[in-house]
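Look for chain A in each of the two complexes below; its partner is chain B in the first and chain C in the second.
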Partner chain A sequence: MSLVRCLLLAGSALVASPFLLAQSLSMNLPARVAAGSAFSVPTSGSGPGTLTIVGPGQALRRNVQLGSAVALAAGVLYNAGEYVAILSDGSDSQIGLFEVTAAQQPSTLSFLAEPSRLPVDLQNGISGTVYLFDVYHNLIVSPMPVSFDLSASSGPSQTRTVTTRYGVGWTRMNSAPKEGSAHFVAHAGDVSSTRVIDEVPGDPCNLSMTATPDGVKAKLQTAPVRDCSGNPVPDGTVVTFTASYNGMQSTVDVPLKKDIAQVEMPVPHGATISVASGVVAGNQIRWSGQ
Partner chain B sequence: MIRHPLLFGCALALPLTLCAQQASVQVQQPDLQGSRQLESLTATSVVRDYLQSWKAFRAALDRNAPRLLDQAFVGTARTKLSDTIAEQNKLGIHTHYVDRAHRLQIVFYSPDGLSIQLVDHVTYDEQVMQGNTVLAMQPIHARCLVVLTPSQTSWQVRIFQATAE
Partner chain C sequence: MRGAVLAIGIGIVTVVLVAIGTIWPIPSAIYFAGSGNGNVLRAPSAPEDAIQNLGIRIRLHQLPAAYNSLANKAEFTESDFDQDVTGFYTSLRTQATLESVDAQPLHQSDDQADMRVRFHWITVLGPYDDTRDIQVVRNGNRWQVDWPLVRRPSVPAQVIPVNYLRWDVIYSGSTDEWGSQNVAGPNVRIVDMRPVNRAEGVYVLGELLNNDVVPAWVDVRATLVGKDGNILGREDSFDMISHRLLPKQVTPFRIHFPNVDLSQVASIRMHPESILISASADPVVEILNQKYNVQPIASLTGQLSDQSGQTVNFAHVLSTFYDSNGNVVWVSDRYIGRALLPQSPVDFTVAVPEDLARKISSERTIVATYSPKGVEL
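Up next is the complex of A and B:
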């Protein structure tokens, strides 16, 4: 028998032997699977074995029949991340790496709106940040549109649409010119989340008072106190009346009641009376007793 | 030429942790896209606390001890990692993670200052162990998306999610 014929016969014997071929252990892992989706891992080999899948997100093991596909049902592997897969027949093992990606359908919005209360008519005073998650609370990292809608009780609503970057979208909005509760809504896909923002009047604007005699005292009273957008400043806001005479000062703090502050105080003739609220100063009156 | 046999011998004979060296760390300029100005002290603290979280992560998953996560992880990240530890326990396995290199970039600082996101292009080894037997050793290059939120004294990892590079 020639050498060539020997080699051919030996080759034929190898090809014809299913036993020898079945001994090689291998698996065909997908490069990536979507979180929570069903998938299968075809294997080669023979007899019983195990498939162990381990990553920071999950660890699981399945008994398998080598030579057939290992089916992982929907909802079994659901945390996004990198995973090591180990196929073992007890004496030999094969190792592979694959990725579980977040599902592309948003299920939860983590929506942070700030502040919960602010003055009216403030440019970029309100911020909203959204983190997008799938049903398994994986961050959806592929870019997705998120719209923000801020609607006040009066006036037009503001809408902004942004595209998420690394799972995050954010925006800034202006507070409305009129006081009231505003609804701040973030939408992505079929989900939305709402926060309520209290838009309150700002500082008093154009603070003014009048003084009239009331017996031996002066009766001091402000005009209705408004902010610069015309919103009434809340009751309880403190207004300070000050009378100055010959280097002496007397001061009275009065809370606003029904938009005005009033007080009766003894004021000597020739004194200067002033009014203020917070950092806002109003008019001054030279008191002559009339 | 000399290092190869040494490394090979080390991989065979010693636990991976003994072979571990300090991971190299490269921090890139933040890319915040205007969300909020980031003070350099804040950036330094965030990077320091994130790298510290890797120590907690490695120890917790190696010893199957979820309490070791407490200082560094909160929320979803804490829950998912402790669930993994419970599963590892059930399977009778534990995992050595050895981070070799981090390339970090802060990519978002929320306007309210309550969250910071960074991207870590990380190289690490994952060694799956059953008792003292190594079931698998796999070097991995991944992009970790990490969201940290402030606690009283540090930044804690709230989201910790890897994607393929």
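Up next is the complex of A and C:
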């Protein structure tokens, strides 16, 4: 018997102490009731009486006819936890404890998927955690199977099935080698929840550019920028062009557009032009104006 | 008879007191007369006086009087002069107040003087200087300024297609279920960091990379921990950083801890911060002809050229200086006083401490831009 249960019983006994000596009343409480389900409490004795039930976030009192069963309709007791029932006829009383447990059918699941965005091809980079709740938002603490399914836009999907412990189930998944949005779905019973994970390209790989004359300027343009797995680096990624000449330099940060960064800038003959993105350096060109 | 003597006596005493007050004025009298705040005009009997008088009139926003004092006012209108002084478009210059003017003679003859004039402006973002070479000419007994007018840049009529990417962010709402997914913050990392000890305190210098595929608002905080474990100070980079970082963009940062000596510091805790923001990849600004000058004044000079079709009202140049081993030696900045018009280069100068000038081997410069909504060409 838990400490809480002992304290509840002791407290209730103190409250009902004037009536403890009388034992003509009795009731037959179920030890465990599913949240929201209907049940009845057979009583003994005669005449009118009251049944008081106190639990987590709930308290109710019913006038009853002693000697008959007291029916509690579905949905009356819905918060999971320990309840105290006190049956009284005005001069005598009877106290009992029972437990309301979460329904075994999940109604909602809270699905925490992290991160919402990660690089491709990362082992165990995605975590999924599920909390199962019944229709009354009670955490279902009894073990239940939960399946996780991660399906990327390309490539095979990954599936894991775990059993919840104390209402929680979790797993880890790998990100796909190809970029795109992956759907991360958690199933438990008839319910499911979906999260979108953006699997994004990594750093640019083999960054290279060409330079061609364009009037008095040079037109600098990268080859399509891709990561080391061949995924196109997202548009908007900044590429820096630098032209160095005679102790001077010109620079410009250009965002990728349709996989390519390009700019026209004045570059003197003999200048060295280089390209970089973040901490990744690309090729260099000695500009001769042709 | 007595009355006449008293009147004469009072008159004599008054004259004596006025003379004393004029010859040996008390400080408060000097201030209220205008001399204490430097706003007293002098007879322009020397080139420096003409420059200072012009500065006073600009400081007091007496632009018509300033215009009328110019030797070459026939070459341009008063409106041209006003716009040159206060900026053509909304920019830092339109919000600035002239604090002081320093004139340094370059060459002088009896009738003409060439002066290098540093206009020291005060803004909400701190002070900045505008240096111009000005000619002062003699007309009779007066010296007058030949104002080197910077004319309003003219951008030819054209259509500049701009289709750079724009990121919009929708965060999860307060009514969403518990545990519902939100968009993760950008992944940023410090790629270089170095503390520097200087007379004015400890500086933490470094560079921050947006390692993600989304734009970020960034800041860097640092905590200095003393040898006894106590916190010596917590500071952030304030405006010595480009707060908006596009994917794979790198910004320098500089954090200042005044009144701390590096010998007191046992460790430094760095806290890079990032928030996902809506942003546009536009405008693209070229930084042209960057040249590091060791002499006569250690500085980096160059030009900014706005490649987009929109006016950039506020531009902030941030430069990282490295030694021959690639270590960060210094981070410096400069706000540009004028708006950047499309494809109209604007000069800039970033100052470098003289004692570091010889250590610098290379540099890297970026420009942060801001154009408030509703501000038009």
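General observations
We take it that the second predicted complex is superposed on the first by the 229 of 290 C-alpha atoms of A that agree within 3 Å, B and C clash if a C-alpha of one lies under 4 Å from a C-alpha of the other, contacts with A are read in each partner's own complex, and residues count from 1 in each chain.
Going forward, a residue touches a chain if its C-beta (ideal position, glycine included) is under 8 Å from a C-beta of that chain, and two chains touch if they have at least 3 such contacts.
Please read all numbers here as calculations on a predicted model, not as lab measurements.
Judged by the touch definition given at the top, the superposed model places A:112 against both chain B and chain C.
Of the two partner chains placed by the overlay, chain B and chain C both lie in contact with A:131. In the superposed model, A:71 lies in contact with neither chain B nor chain C.
Of the two partner chains placed by superposition, only chain B is touched by A:61; chain C is not.
After overlaying the two complexes on the shared chain, residue contacts for A:99 are found with chain B alone; chain C is out of touch. In the superposition on chain A, A:250 makes contact with chain C only, while chain B stays out of contact range.
Looking at the shared chain after the overlay, A:200 reaches chain C, while chain B stays out of its contact range.
Judged by the touch definition given at the top, the superposed model places A:281 against neither chain B nor chain C. Of the two partner chains placed by the overlay, only chain B lies in contact with A:52; chain C stays clear of it.
Under the contact criterion defined above, the residues of chain A that touch both chain B in one complex and chain C in the other are 112, 114, 131. In the complex of the two chains, the chain C residues touching chain A come out as 163-165, 167, 177-179, 181-184, 191, 209-215, 246-250, 281, 284-292, 302, 307, 364-366.
Touching chain C in their complex are the following residues of chain A: 108, 110-117, 131, 195-196, 200-201, 203-204, 233-239, 247-255, 257, 263, 265-266, 277-280. Of all residues in chain B, only 33, 35, 57, 61, 76, 80-81, 83-84, 87-88, 91, 93, 95, 97, 107-108, 110-112, 114-115, 117, 119, 126, 128, 135-138, 140, 142, 145, 147, 159-164 touch chain A in the complex they form. Those residues of chain A whose C-beta lies close enough to touch chain B in the complex are 31-32, 52, 54-61, 79-82, 84, 86, 88, 93, 95, 97, 99, 101-102, 112, 114, 127, 129, 131, 137-139, 141, 165-168, 170, 172.
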